[in-house]
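Order of writing sets the labels: A, B, C and D. Residues in every chain begin at 1.
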Amino acid sequence: METTIKILEKVKLKNPLLVEGLPGIGNVGRVAAGYLVNELKMKKFAELYSPHFLPLVILQNDAVAGMLKCEFYYHKGKKRDIIVLTGDTQSITPEGHYEICGKILDFVGKMGVKELITLGGFAEGKEVVEPRIIGAVNDKKLLKKYDKLGIDFGKEHPIGTIVGASGLLLGLGKVHGIDGVCLMGETFGLPLITDPKAADRVLHVLIKVLGVKVDMSKLENTIKEMEERIDKTDKIHKKMLQQISKGKPEDIKYIG
Amino acid sequence: METTIKILEKVKLKNPLLVEGLPGIGNVGRVAAGYLVNELKMKKFAELYSPHFLPLVILQNDAVAGMLKCEFYYHKGKKRDIIVLTGDTQSITPEGHYEICGKILDFVGKMGVKELITLGGFAEGKEVVEPRIIGAVNDKKLLKKYDKLGIDFGKEHPIGTIVGASGLLLGLGKVHGIDGVCLMGETFGLPLITDPKAADRVLHVLIKVLGVKVDMSKLENTIKEMEERIDKTDKIHKKMLQQISKGKPEDIKYIG
Amino acid sequence: METTIKILEKVKLKNPLLVEGLPGIGNVGRVAAGYLVNELKMKKFAELYSPHFLPLVILQNDAVAGMLKCEFYYHKGKKRDIIVLTGDTQSITPEGHYEICGKILDFVGKMGVKELITLGGFAEGKEVVEPRIIGAVNDKKLLKKYDKLGIDFGKEHPIGTIVGASGLLLGLGKVHGIDGVCLMGETFGLPLITDPKAADRVLHVLIKVLGVKVDMSKLENTIKEMEERIDKTDKIHKKMLQQISKGKPEDIKYIG
Amino acid sequence: METTIKILEKVKLKNPLLVEGLPGIGNVGRVAAGYLVNELKMKKFAELYSPHFLPLVILQNDAVAGMLKCEFYYHKGKKRDIIVLTGDTQSITPEGHYEICGKILDFVGKMGVKELITLGGFAEGKEVVEPRIIGAVNDKKLLKKYDKLGIDFGKEHPIGTIVGASGLLLGLGKVHGIDGVCLMGETFGLPLITDPKAADRVLHVLIKVLGVKVDMSKLENTIKEMEERIDKTDKIHKKMLQQISKGKPEDIKYIG
């Protein structure tokens, strides 16, 4: 089985921009993307499955099991449309990150995406009182465009790498001719801790870039609602990855 | 070499239902599936080999070596036919689980399977006096169907994930348009210990769902007969996986 | 790059039988196969390269670097021809074993091979004074054929598995319709120790099966000549595999 | 996504010779290749991306993120042209080394390359006062050709293996019918330490072989300029590989 994108609805989008928010440090990207999906009442139109995800299904409280997946949502805007990519997980293998990001870019490229924004957390390793937004672009010419949004493009805050989808979508995007920016909210970076404050900061910058109106007052509540599923997938990933690394792969192999 | 299904007999089946019981916790699924195959005198019609199994052959006491494999059996019923999938092993890699389950669903889908039941154990981590059957479905609408069978669909017993074939066949089944339910017998969950009581409980529910008559009195005896092969494959898996995780891959590499 | 067989000479063989002797416990198979190649003055006609070997080249003392490879040799016999498969290494990944053995069987199958013999050592974990030959077949009907050769087919000596090429060539051979027997010489099984006595015992049985005349007096000398290359590849494998398992993959990554 | 070579400029080259200098021990090859590119003002004409690199992007100080990649440069010479292959990284998987080197040889083979030189460091594990150049070839006939250049072809200095691209390009080159020599500068071999002296020695031999004039006086300065990027990629690799081996793969999975 290869990484597969299942299309649920065929949509034609107007100059669409891709926003990616997948699980990661402080769950900043996932929470911000999820809130945007909720507030804009975005509609899911595609799902991505991959053999590079953990080999298991997640159960909701109603005993319904479902695949680990990433999801594509769309929003019809006045000037342009928005695609949001969010989901339960990222690749558990290095090659998988490349395969998945390649498939995503092929898919959204065909839909006309020429610009993308990836969201994430930036782990400071200590308490962050006033989280800044750290930015990175995939082409120097883009720095001007994002000039007046209060994003820190690394002058005082040099970072070395961006790992996973938020990084590779920028890098591979460049190869595909897609402009990209990554917005990272500063956060402590403790495992399994969702950081609403960093997500709030990222969202503030994001909605300015997107030119959409979003009521930010419900973020804390929405996070509480999302928490259950986030918590479940976070714990699964942590536990599974520990078992893999502690050499207990037999525990992963099956329940059934 | 890819995961391959070798067809031994071409059969046409009437609205067939797939029952999966592969090795796993307490060997509940494997034992239950094996007993069903024995009692219904089911006939093997296909075998599955995979590069995601351990790279070795198993020797029977008569010095005949054979591949690790999964096996497909069929039973011609009055109203509908049954396919049972059982075998020696599951994938030893995460990607392999996806590949193997994808191939299985392609294969049985072409045979007309629209419904599947996966069997397994549910590890309680402690002695279980009266094992319950924990259930999960891949579509909410199925909960009604299995309503009156004494299956616990998680209200008092929330579980988070189902790992391996029993889980992925549900999840990928949904993507293939196949309805699925997973029946898990509560068991202690100690490694290398087969739990006949949990298998017995699973079988009782299973035969009600299937509408077949099965003499349950021989289960303990049959388990004793199966024990030798189960024991061998269990020990092999345990030993091999320990060697992989303890960093002695050279020991796995070859006898010959 | 896939596993590739490079043909050096196109040969037509008469009812050829494949003998496999690759590195393994006590290097019994490799040494026995190598001696046969020497004594029968067999000619190399093909080489196998694989991405599942270690990513390095071996240097001979003359500073000439060459790929890790397996090699196919042929011998024209009176009644039937013989192919010997020997080489520096086996797969370092589980999937690789399946891929490589699958390619080998496809290749020799096209040349008309209907029968194969795999050679190896059987680790006793203690000093062996009078090494026996332990055997396994891939079809019950073959037991009769090898009845009178003093091979122990497991009655007193049950073994559970045969790992690597010697095992998978039997198992996959069966799937390809090729009859197979594995001959294993009992040996201590210490790492990096070549066991000439076990190789001698295996060769004695092998030449009876093959019906060829081989002067056995030069074995010790030939082993001494082979020792340098065997030693080099053994040490490389041991060192590399230790580094992989001790988590120093950076050391493997490159010299250059 | 497969390993991909993106062509930036279509060039026709005259009997081109490939020089490879990728990261490795003492960064000898990378520094020597990079200096040659600088001094000959070579032009980049192709880039190689691979799913076998770490799944991340590197950020320059200007906040521009770019893929990990290898780069091909060309130089138009009087008698013959030169291609230099250098870059940030090598494969992080064994299979990846084979895939990447296979793709490189296919690519340069089509451009007419019949000869290649790989550059690297040779770790002595102790201080080296006067670094020698250790050499290896992929065909005995080449020893004569490099006879008078002061290269030590292993008589006093037997080495066993060459790991990674510098080795596999020799070995696979032979299979592709491309003559190859590897030049290794003796160095201490400490991690993360670039050795300018060994690079200087390698360059002296290399420019004699290439028949080009290169001002060697700027090497130390150029290394200082290269140091920032080298340092960044070195540290990333070291950190990532440690995390992989220490069983903290979750840390690698994402920032975003």
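Note that in this section contacts are C-beta pairs under 8 Å (C-beta built on N, C-alpha and C of every residue); 3 or more make two chains touch, one makes a residue touch a chain.
It should be emphasised that the depicted structure is a prediction, and the values quoted were computed from it without experimental measurement.
Fitting subunit A to subunit D on C-alpha positions gives a rotation angle of 90 degrees, to the nearest 5. With centres taken as mean Cα positions, subunit C sits 35 Å from subunit B. Chain geometry summary: the mean Cα position of subunit A and that of subunit C are 50 Å apart. Among all residues of subunit B, those that touch two or more other chains are 92, 246. Taken as a contact graph, the chains are arranged in a single closed ring, with each chain touching exactly two others. Note for the complex: subunit D touches subunit C at residues 20, 22-25, 29, 90-92, 94-99, 101-102, 118-123, 135-140, 143, 153-155, 158-168, 170-172, 174-175, 182, 184, 191, 237-238, 241-242, 244-246.
Remark: subunit C residues 1, 6, 49-59, 61-67, 92-93, 232, 235-236, 246-250, 252-256 touch subunit D in the complex.
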